Each structure stands twice: as C-alpha cells, then as structure tokens.
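One structure coming up, written as structure tokens, with questions to follow.
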Amino acid sequence: SAANAQERLILATTTSTENSGLLDVLLPPFEETFGVRVDVVSVGTGKAISIAENGDADVILVHARAAEDAFVEAGYGVNRRDVMYNDFIILGPASDPAGIKGMTDAGKALHKIAESKSPFVSRGDDSGTNKKELSIWASVGIEPSGRWYIETGQGMGASLNVANEKQAYILADRGTYLAYSGDIDLGIVVEGDPELFNPYGIIPVNPAVHNHVNYQMAMALVGYITSQQGQKIISEYTAYGKVLFHPSAIKPEDLK
Amino acid sequence: MEYIISGLQSALMLIINLDPEVTKVVTTSLKLSLTSTLLAALFGTPLGILFSKIDFKGKFVFNTVLNTLLSLPTVVLGLFVYSIISRRGLLGEWGLLFTMKGIIIGQVLLILPIVMALVRNAIHDIDEKMYKTAISMGATGTQQFRLLLSEARYGIIGALITGFGRVIGEVGISMMLGGNIKGYTRTITTAIAMETNKGRFSFGLALGIILLFIAFLINFIIYFYQIGESR
Amino acid sequence: MKNVILEARKIKKSFDQDQVLNLDIVKVYEAAFNFLLGPNGSGKTTLLNILSMVDTDYQGEVFYRGQLMGKQEGEILEFRRRFSVIWQNPYLFKGTVKANIGLPLKFRKSSPDIIEEKVKKMADKLDISHLLAKRSGELSGGERQKVSIARALITEPEVLFIDEPNTSLDYESSRYFNGLFSELVADGVTVLLITHDLYQIQNLADYITVLNDGKVVNQGTSEQVDF
Amino acid sequence: MEYIISGLQSALMLIINLDPEVTKVVTTSLKLSLTSTLLAALFGTPLGILFSKIDFKGKFVFNTVLNTLLSLPTVVLGLFVYSIISRRGLLGEWGLLFTMKGIIIGQVLLILPIVMALVRNAIHDIDEKMYKTAISMGATGTQQFRLLLSEARYGIIGALITGFGRVIGEVGISMMLGGNIKGYTRTITTAIAMETNKGRFSFGLALGIILLFIAFLINFIIYFYQIGESR
Amino acid sequence: MKNVILEARKIKKSFDQDQVLNLDIVKVYEAAFNFLLGPNGSGKTTLLNILSMVDTDYQGEVFYRGQLMGKQEGEILEFRRRFSVIWQNPYLFKGTVKANIGLPLKFRKSSPDIIEEKVKKMADKLDISHLLAKRSGELSGGERQKVSIARALITEPEVLFIDEPNTSLDYESSRYFNGLFSELVADGVTVLLITHDLYQIQNLADYITVLNDGKVVNQGTSEQVDF
C-alpha cells in the first residue's frame, strides 16, 4: 500500500493511552502534515521503556514519572515534555465493607481498607497505576499483605474484572473504569485527592545512543503534541461522554 | 542476545536457590497441565476413536469443524468460558472464575479437539485386518479398545504429548480464567507474560527456560516408559 | 451323515454396489473337514467372515446348532469364543510372538501362569519355541503363518476356520499341519478350510462347497462333488 | 452469556458490512498464517521424515527435545526472537522487528517442531514393506519421498492443519514481534486481545467468531481436495 | 551351461546379533529358471532382497555380469530398474489398482498415454481388467497377488525375482502363471523363484540353490540337486 512507502515513526505507549481512543484523533493530523506513518505499539509501561532502551521505538508516551526520569538519566531519552494528566480513583462494592465511600483522602481510605481487611485488588505489575498504589500505601506506613490483598499481575481491565468478581476495592484510572462501567458492579468510592493525579510525558529516544532512530520526526511529534493544536485536541477529547485527559503542556487558560 | 544469556543465568540461579515463589508457580502449572491433559485424554481418546470408526451423515462437516477448533485462540476460548462462569454467567453461582477449576475447564476444552483430531488421524492408519483379527479372537468391546490403543500407541501418545505441550505453554486461558493471582492461580506462563509486560525480559526468559526444563523431564519420562519399549 | 453345526440361509452381501455373495443354503458339518473352494474373488473369504461371525453386516440368517444367531456384538461374543480363525495373510499385533500367541487366552481372562504354560506347550508342539522372544515384524513369511496358527489353536476351538493355511509353509510344515488338522477333526473339532491345494482337497475333504461368482455351484460330500 | 449472543450479532454485522478495518486484520492474519504454514511445511515435512527414518546416537534425546518444544509458550519464543531481531540483537540491522517478516520468523519457529513431530508420528506407522516395494520398483530418492508423502497423506495433512491452527490462533508472537500496529501488523488475534483488554468482550468474541469462520473455510477447502478423495 | 548374470560372494547378513545368512557363492544364470529352496526361516527372502539390490546393508559382494555392484543408492538405480520383484505378501499402495500397476512406469517417466495403454494391455493379458478401478484395499487375496504380478511385469524386466507367487492363487491362475513365467524364460528373461511347491520345482527348475539355516546346502542343475 501507499502507506508502506511512507516514512515510519514508532511510538511505544501504554495500553491505557491507546485503549482510550485518544490517539485515533490526535495522530492523524500530524501524520497528514508531516507525511509520516505513526506506528503505535501499545504495551505495559515497563515494556514500552525497555523497547525504547533497545532502540526498537523512536519515541515513548508513558505515565510513570520515576521510571521516565531514570530512562532520561541513563541517557536513553532526551527532551522529555509533560503532555497531559488524568486521575486515578478508588472503586469499591456497593456494600462498602471498609466504610470509605465519599472520602477524599486516598491514604486514609487505604488505611481503613487494611484495618478492616477488606479485599483489595492490586495490579502488582509494576505499571504506573501499580506504582502509584504502592506509593500511597507507603505514605501511610502500611506494607499490604495477607489474604485480603490480591495481586493479579495483570492489566487494568483484567484486574477490574477480578475486583468485580471478588467484590473488592481497587485503584483504577478513570478511562478504563469508564470503559468497563457497564460491565461491572463497582462504583467510585474515593476521588479528587491531588495525590491521585496521573501525569503523562513524551520522550524521544536519544539519537546519540541509537543512531538509527527517527529523531527528527520524534521531535516533530513532541512539538505537535505540545502545540496549541495538539493540546486542544486532548482537552476536547471525550469518551463515554466524559473528558478523559487534561492537557498539561499548556495551561488551560492559555489554550486558544 | 544479552537477554538470552542473562536469562540462562537467572534461570540457573532460580533453580539452584529453589526460589519459593518460582516453586509455587511451577507446582501450580504442573498440577493444572497434568490434570487438564489427563481429563482431555480420558474424554478425547475414546471420542477420537469413535469418530474415526463410525460413519454418519455429515462426518465430512464434523471433521472440518474439529479441524477448525484447532485454530481456536486461547483468548477467545477464555472469553467464552469467562462469559459462562463469571458472576453474571450461567454457572456464576458455582464461583469457578479465578480458581484452578476454572482454568482446568478452559484448558480441557482447548485440547479436547487437538486430542480428538490427532487420535482420529492415528487410528485412521490402522489396518482394517487388525479389527477382524481381534474380533475373531473373541475380544470384547473393551478388549478391542485396549488393543487398538496399544496398536496405535505411538500416535496416541503423540496426541497427548501435543496436548500437554499446548496447555503447559498456553497463557490466554490461564490469564483470563485464573487471573494470574499471586500465590494462587499464577502459573509459569502468566508469570512470564507479566514479567515481559514489566519489561523484565531476561527474567521472563528465565522462567521460560524453567518451563522447558520441566516439560523436558515429563516428556523424557513418558517417552522412556511408553515409546522406548515399543518396536 | 454328520450333524449340521452351522447353516447359512439366503445370505446376501454387497460392497458399495457390488453384490459379492448371493447364497441359498450353505451347511457346515460337525466334527468334519469342510472345504470351501472356488476361484479367486469368488467370495470364499467373505463367506468365512460371515460364518465365523466376524462380519455381522449381511442380509440373511446364520444358524448355530439350529439356533438363529444375532447380529449384535453382545449376543454373539460367547459363540465367537468357541471359534478360531486362521487368516489368509495373518495380522500379527505389535510386540513379541509370545504375546501374540497368548492374547486370545488373555481375552478369556486366563491367569498369566496358565497362559505362559499353554503358550510354551503350543510353541513346542509347532516347533516355533525359538521364535517366542522375536517381535512380530521380524518374522519370515512362513514363521508368521505358523505363529498365527498357534494363536488360533491355543483356545482349543470347537470350530476352526482356515483360509489357505499352506500359503508360505515349507513342505515339511505343510505336511505336519495337514496331519494336525486331521487329528483335530478326528478329536471332534469342526474345520472349515479354504484352499486351492489339490492335494489337500483330494486327501482331506469330507464335505465340499464350491463357490463361483458369489453363488454355490456345487455342494456335497467329497465323493459327490466334482471340483 | 449475553456476551456470546451479542458477540454473534456483531460478528454477523461486521461480516455483512465488510468493515474495512476488520477486512484489513483478516487479510493480514491470513497472509501471515498461510505463509508461515507453507514455510514450516517446506522445512518441517522433510525434516520430520528424515528424523523418523535415520538412526543415530542420541535419537532418544533428540525426540524428547522435539516433544519438549511443543510446550514452548509463544511469549517465550516471542521474547527469544525479539532478543535476536531487536536493534540491539544480532540481526538488529535488518529492521525485522514490528514487521510481517518478524512475525513469520517467530511463527515458523513455533510450528516447525509441531509439524516435525506429527510428521514423524505419521511416518512411524508406515509399513516397512512400503519402502522395499518402492525401491524394488526403481524409485529414485525423490520418488520414494513423494510416494511416502502420498501413503502418509492423512497424517501429514493432519500435521499441517494442526500447525495452521496453531499460527492463526496464536497471539503471543504476533503481539511481541508485530507490535499490533494498526493497519500494518494487527492480526485478528492481537485485535481480539486488545479489544478484550479494553473490556469490549463481545467485540472480541465477534472477531473470534470471524477467525473461526475463516479457519473453517480453509479447512473445508483442504479437506475437500486432499482427504475427501482418498480411500 | 548358461552365462552367470548375478553372482553373490561371501555374503553375510545379521539382524541385531543373529546371523541369518553366511554364504560362500550363489550364482544366478541368465535366461534360465533359477530356483531358491529351503525351509521356513532359512534366509531365502533375505537373499532375494540382497540379489535384487533392494537391501544394500550386508557384508560381501554381488556381481552383475561380472561387475561389482556398489551399495550406494545412486550407483545401483539403473541396475535395479532392469529388475522386478514379486513379493511374498505384496504391498499395494493406496489408490486404485490401475495406479498401482502403472507406478513403475511413472517412476521411469513414461508418458501418461503410454502408461494407460500398457496397463490396459497387461490387465487384459492377466484377466484383471475388471479390477482396474478398484481401490487396493478392496481386493481378495488372490486378486492382490495378480495385481502385484502385473505391476512387476509391466516394466519388461531383464531379471524377475519371485517370492512364492502361487500363494493365494487358484488352480487355473497358478497354471497360467507357471506357463507365463516359462514363456518369459524362453524369451530370455532371467527368473529367480522362491517356492515350496513341488510341482513347480519338478517341472520348471533349470538351476536350484537350496538354503538351510542361512547356508547353501546344495546347488546345481535340477538333475544334479537332490532337494
């Protein structure tokens, strides 16, 4: 096909980004303007970073701040830019055995879950979400373990299913929750804590380390996504009738 | 390349140290795959023989359907069983989802067609005279069946080895129906998938090497006892 | 005149469209040497399959001592166990000669000791003791035939069906088995033999049935029949 | 249960409407699995025959290794090939990762042991006399080989059908080496895995049903031309 | 005295540990009826395999018209193609009788038309035209044997190896084939025949080799040999 003859840019990103459907509206204008085909490889955050370290992707879009910094620190990535954020929420069964519904402090809520030994599902997969969850546990000085603490080692969707089946609490990103809300009997019990914000960054792979990468086009993508045009598309994107992502490269008041 | 080398190293370390978490997933995988293979053998072998012997209208279509089921992706089968045993499904009350039993149901369904198809192929090549001879010797139905098993031994054991290989190496069903729950339904393959997702490629490879090592031992034992002695 | 032990009436048998048997009456006499003759492809082996109750997919009726035989597996097993068949081109099962000869006894749930003993005795008698440990694929043509005869005789059958036994046998063995079969008949065993061997026909036959193209063309004692 | 029903409905809709995205993943899947099966047949059949005929020291171990490779999980094989064709790997310069070629390499390696093992089993049961007869008739090596293929046809086609089923239904290798890139390396199975991940179960099932439908057609054609006429 | 066409010297052959052949010299004469006799298991078929170059895994030497035969596939193919073998218990390939008979010609790359024609002629001659469309699994014992004879004769071989041809043949056919083989010899074909049939030995043999327990115990013209 004609597409095959085009220049190719490999973007490694997390499953949640791709699954949200955002990239389907965000990328086409870029592809058209620059005559490039963006090949999106969506995998776990850890895997996305490993692939980029090996030089198998040109640019990554992920949400795991500490890992991103380590990636840049080690010299694999350059020119990291903030792109957007969304937020995490804590879901729970209607019976709410820990009695945390309506709380706004995520740390305190988890504390009560541990105290009451109410079932809690953890992704346990080193993903951005999992790391966020662990950091909240750490902030209240709890090392979760025991039969009530169920580690799935799976993606968000699969973990939501487990939580639903076991009628357990779970920390989830809002996008995935919205996608699943029709199929599960769990509701939001905690939201709004600034601690629960989930920032995404974009990082081109360092052409000094991997000389074959399409650095020019990667930088062009960074430029596009953090431009007025890109940020506006992000801010206007809705799924399931809700806004999913909030742009962070340009402040909302500066968006035209 | 370095992944392969460091994978080999860490596999060795894990085996030597008898890492308790690894021991746990290994035993879970073994229990699951042996049980599933056994059950599939129990149902699949007689069914395979039956369908290779009896003639009925639509056998052509039946055979094609059987062959088609060999293409069934584990995710799809997983989804299918999921929608039956999940809380909202028909058998939701039995609480089978995210248990070993749930995985076994899926795995048995996965390899039943494989076992049936390969047993059918093995039986197909048995000489017609074998049946006449057995009948004339006064063999009962069961005795004919046993004799047939023994004459087609090579092909039938081959079918079971293929089925076993399929379940011990599959990940979709274990993931979907077992949930990869740590210390409970986590198997070698779901652990590999998880580690790979984390970007820990060499640890994933290490677990893969351990899986192959175990499969080798089991095949060695089967081969030694069953095939080695024949011919 | 001897008793009729097996009688086939109005037997019809077809493969696909081809009718290969269309018989009125065929009788097998007790404790006698019954011969079934006819050119190649005349239906001899097909009829043997039916009379020995190995093939139950035919039209018509078979009587055993006046009793109509069923066509269901369960009904006829015990009758089948009184019969033995020595096949044209015998099929030997994978495994040793010893296991092959003992198999019919195993089917009848004899104890391993008894099987061991009987197999040894039979092998001694037929002079094939040196073959007992061989695998079935390692035999010469005549050796296969002898093993299959031993396997058929080990159950001491009431009726013995034999499809061209001298095939592949050397002169000595051939003579030996002719003698052995005669002895069995003298001891009360019914034998139905298919052969093309003139010597056997002239010297052994009590009753003869001649088939041609799936029909009985001649039947009677060896004196009556002009073969 | 409702997933299954709505899955069937949307499968029907997708087929009727010839949804362009679905058409694209279907053709990609077909191209991949047919190419991989063909290549595996090309190498695996002669190798399987060879190893069933020749005798060598360590054949026992070799056979056991072959059987063990049937257990190789697709993720592990995917990882293995990845570490070779990744930019940092031995063949990194060839740029095979996230291309169709990359997937084909992995898939061929996946089913080569299956094809070899099942062909070996099929050949094992061929009568020794067949060779003598062919030789005495003055057949050249190639002619003996063709005759053997024809005599063991049922088992060999069975091996290829099993191999085809394995590749068209596998997801680990396509995912790892292809990257599930939309409009390029996305296959039916990687699409199913993705939809399932998104929680769109009935859409996942719909794609699964389409996959089975296609596998059925292919098996039907093979069966019709090759087996239907035999015996 | 006729020419020697095949000569085997110092042939030794073992299966596993058992030595089954240990021969000094065996000669096959051109355009003559050579007989190979001996009791069951004496090694006749094993020797036939070696002389016909089907089995190349032996110790010793085989000469064809004075020329030492190699043991590599490539070297002997053209010689093998001058030979044909009619086997004890013939193996027929899956497919029709027609395909089976035509196969050796197909191996020699004859055109389909010629194959068709020759197969028809051969089938007419052996009176098996009615079997051509049958599948190989559907034949009677004698029919199988006739098909295998047709398949061996279709290439008009220079040397014909025959392992107990009368096995399963009816009286008529038996006589017919004895006549046919004699005609072939008269036409210059070399025949090596294994048999236990006294009639054949007495009436057809030119030269006789008698084996016992893997050794030649007697050899010479039919007048010289006391079998």
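Should a chain be cited, it is by its letter among A, B, C, D and E, assigned in written order, with residues numbered from 1 in that chain.
One rule holds for everything that comes next: a residue touches a chain if its C-beta (ideal position, glycine included) is under 8 Å from a C-beta of that chain, and two chains touch if they have at least 3 such contacts.
The structure displayed is predicted, hence computed values, not measured ones.
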Joint neighbours of chain D and chain C, given as chain labels: B, E
Number of steps on the shortest touching-chain route linking chain A and chain D: 1
Chain whose average C-alpha position is farthest from chain C's own: A
Of all other chains, the one whose Cα centre sits farthest from chain E: A
Top-ranked pair of chains - ranking by C-beta pairs in contact: B-D
Whole-Å gap between the CA centroids of chain D and chain E: 45
Centre-of-Cα separation between chain E and chain B, whole angstrom: 50
Whole-Å gap separating chain A and chain C, where each centre is the average of the chain's CA atoms: 80
Chain B: positions in contact with at least two other chains: 176, 196, 201
Chain C, residues touching no fewer than two other chains: 89, 137
Set of chain A residues in contact with two or more other chains: 155, 158
Full enumeration of touching chain pairs: A-B, A-D, B-C, B-D, C-E, D-E
Contacting residues of chain E [partner chain D, same complex]: 49, 52, 54-55, 73, 77, 80-81, 83-85, 87, 89-91, 93-95, 103-104, 107-108, 135, 137, 151, 155, 161
Complex contact set, residues of chain A against chain B: 43-51, 124-127, 150-155, 158, 161-162, 164-166, 185
Chain D residues within the chain E interface of the complex: 127, 129-130, 132-133, 135-141, 143, 147, 150-151, 153, 230-231
Chain D residues within the chain A interface of the complex: 86-88, 92, 97-98, 179-184, 194, 196-201
Touch list for chain B against partner chain D, complex: 1-4, 60, 63-65, 67-76, 79-80, 82-84, 88-90, 114, 117-118, 121-122, 124-125, 152, 154-155, 158, 161-162, 164-166, 168-172, 176, 189, 192-193, 196, 201, 204-205, 207-208, 211-212, 215-216, 219-220, 222-223, 227-228
